[in-house]
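Chains: A, B, C and D, in written order; residue numbering restarts at 1 for each.
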Amino acid sequence: MAIPDEEFIRGNVPMTKQEIRILTLAKAQVKPGDVVIDIGAGTGSLSIEAAMIARQVFAVERNNEAIELIEQNAEKFGVDNIIIINAEAPNGLEGISKIDTAIIGGSGGNLTKILDTIDRRLKSGGRIVINCITIQTLSETLEYFKNHDNYKYEAIQVQINRLNQVGQYDMAKALNPIYIITAINER
Amino acid sequence: MAIPDEEFIRGNVPMTKQEIRILTLAKAQVKPGDVVIDIGAGTGSLSIEAAMIARQVFAVERNNEAIELIEQNAEKFGVDNIIIINAEAPNGLEGISKIDTAIIGGSGGNLTKILDTIDRRLKSGGRIVINCITIQTLSETLEYFKNHDNYKYEAIQVQINRLNQVGQYDMAKALNPIYIITAINER
Amino acid sequence: MAIPDEEFIRGNVPMTKQEIRILTLAKAQVKPGDVVIDIGAGTGSLSIEAAMIARQVFAVERNNEAIELIEQNAEKFGVDNIIIINAEAPNGLEGISKIDTAIIGGSGGNLTKILDTIDRRLKSGGRIVINCITIQTLSETLEYFKNHDNYKYEAIQVQINRLNQVGQYDMAKALNPIYIITAINER
Amino acid sequence: MAIPDEEFIRGNVPMTKQEIRILTLAKAQVKPGDVVIDIGAGTGSLSIEAAMIARQVFAVERNNEAIELIEQNAEKFGVDNIIIINAEAPNGLEGISKIDTAIIGGSGGNLTKILDTIDRRLKSGGRIVINCITIQTLSETLEYFKNHDNYKYEAIQVQINRLNQVGQYDMAKALNPIYIITAINER
């Protein structure tokens, strides 16, 4: 856990920053034996850190450049329990049953459909953790969990500033803020 | 007040962002009739907004590219009460007495000397407002005012996120945070 | 402008904090001669600072305790161009035509109706500035302006931390973040 | 990891919030077999989460009420590898050699002495993680690591807003920001 950003092979695909990965995975409470799905896996950074703990990770990603990065990163970090699903979610999720944890880093405009599909496959006590960078995704997420009372949720906004060392000075450089919503299936 | 950032001529000189200008000038309480000094004037954005209210603004700046921008911006906004002092502060401040407000946007490593020089010229009830982007400048500023008990000060950190409109989405883009310290001379 | 928070008479009514007032009023671009409406006026802090610049301010407020505070604060600050409308907006706005600026600090669940009512009364080039403390109000605001293309809008999130002076230390105390949306009527 | 705040027994002792604990422990990279010291242990929340991973945790705390809470929490969470040292650090650290990780949540004005004491006991590759809530402690920390070039450090500021569920609304409640500095001993 807490792999530094620069250790991942990145290309031009946006990557969840280290502190957000740390908080997302901690909120997700991934445990040994778990089945995890990572939707909008991007560079695979979250998938790889989850795969170091869980039994099986399904990384769902529609972008071909990103899929290559996931493969390269999985190899680099010696992780062999990630199955990459080249699809636009919720497509590609049909075959997966009994999900312990779903992490959603990107939803491509299909969030509600994705949540419905996960909902039918999520174990009792299972968790959904969603990273939102737009107000619309945040709003849709909150509305979903307000309307599905089998979920208890919490939501936080995280803003990280990194202090860059410039000569004798430490100068704050802001990372973009992100909302992390964690829902537990109590059904 | 509240001139949008893109209306200033900028070049490669860093510019105080609109929201920070607004808060800095409001904390500075610039009034008609005032004499204002703006140290580390950069593009002149703070000088120009101050000059729209005050009687006289002295813009102190050591960088030649910046000085040209101040001149161009002063002309663009039709402001003729800014005197540009091409010097590295505290140099260039000797001739100015009876300062109502000092704004410090950049101190080039000379902060304590600059504050000492201002202190001898600041009217009773006058204000010093300092924008700090490094922890070291912030720390030096706080220490100065703790050790000079003719000043009462307050300090805030300001973090602004702008929502960029990307298609149907609004996506947060962080500006770097800044500390604003406001000291009032009660001597 | 920039009246310190503690100078307002407050009671138990929540008050917009100084830095948020400063930014709201700057974004609102209130000018001499303007007609301003302040919806959800609360303690009247925004109304009073607007009234120091504008020709006429209408403060709309449904809560009786708040209305007394507006009256007391108006008297304290010697402001006599505020008309208090004791109503739940959009009620009470019928008689006001030709609004230059509308400030919305609280909408009591009626935001879209309030915006529709303002829209029919807002001058060309007039501004609406909305302070949102909930995701739902923010989301409704953004959706409104996306669907009404006579408006150009910008939105920011503002987070202020105040450094409290505790002995020799300066300790950050967070204020709750707020979104400020500014829309200009270009019709 | 990621124990919710409300599960700890708290009393009136300030407690590091969940998200800060998560980030602090991830930055600390605590591993099985490690010896960890937690200075200014407070309620023991960091000690307990560290003890679930490490071989041995020494919790240093000068406050008697806090010490009782550490004992109660250790019992509640079934953790038996915490040794509580009732002392004002750096006192109490003399007997501990070969530290893998030092976490400093509170330094009671003795930060430099504490860091010197840890420095003599920290293994090569060992980590120091410091949580700072005042500018003075932050500044002293940065200066220490700038002046001791056996350390490579990084520093972040973390600001968390929690969305409180109030009826149909989600309303942001700010937690106070905190700086987390992580230094690695490369000697």
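Keep this in mind: contacts are C-beta pairs under 8 Å (C-beta built on N, C-alpha and C of every residue); 3 or more make two chains touch, one makes a residue touch a chain.
Note that the coordinates shown come from a computational prediction; the quantities given were computed from them, not determined experimentally.
**Student:** So which chain is farthest from subunit D, going by the mean of the CA atoms in each chain?
**Tutor:** If we average the C-alpha coordinates per chain, C ends up farthest from subunit D.
**Student:** Given that subunit A and subunit B are copies of one sequence and touch, is their interface built from the same residue numbers on both sides (over half shared) or different ones?
**Tutor:** Result for this pair: same.
**Student:** With chain centres defined as C-alpha means, what is the inter-centre distance between subunit A and subunit D in Å?
**Tutor:** Centres of subunit A and subunit D (C-alpha means) sit 27 Å apart.
**Student:** Can you give the whole-Å distance between the Cα centres of subunit C and subunit D?
**Tutor:** That gives a centre separation of 42 Å.
**Student:** What whole-number Å value describes the gap between the mean CA coordinates of subunit A and subunit C?
**Tutor:** Computed value for the inter-centroid distance: 38 Å.
**Student:** For subunit D, what residues touch not just one other chain but two or more?
**Tutor:** Each of 135-136, 142, 157, 159, 161, 163, 168, 170, 172, 177 in subunit D touches at least two other chains.
**Student:** Of all residues in subunit D, which touch subunit C in the complex?
**Tutor:** Residues of subunit D touching subunit C: 133-137, 159, 161, 163, 166, 168-177.
**Student:** Using the touch definition from the top, list the residues of subunit A that touch subunit C in their complex.
**Tutor:** Result: residues 135-136, 138-139, 142, 157, 159, 177 of subunit A touch subunit C.
**Student:** What residues of subunit A sit close enough to touch subunit D in their complex?
**Tutor:** Of all residues in subunit A, those touching subunit D are 1-2, 19, 22-23, 26-27, 29, 142, 146, 154-163, 168, 170, 172, 179.
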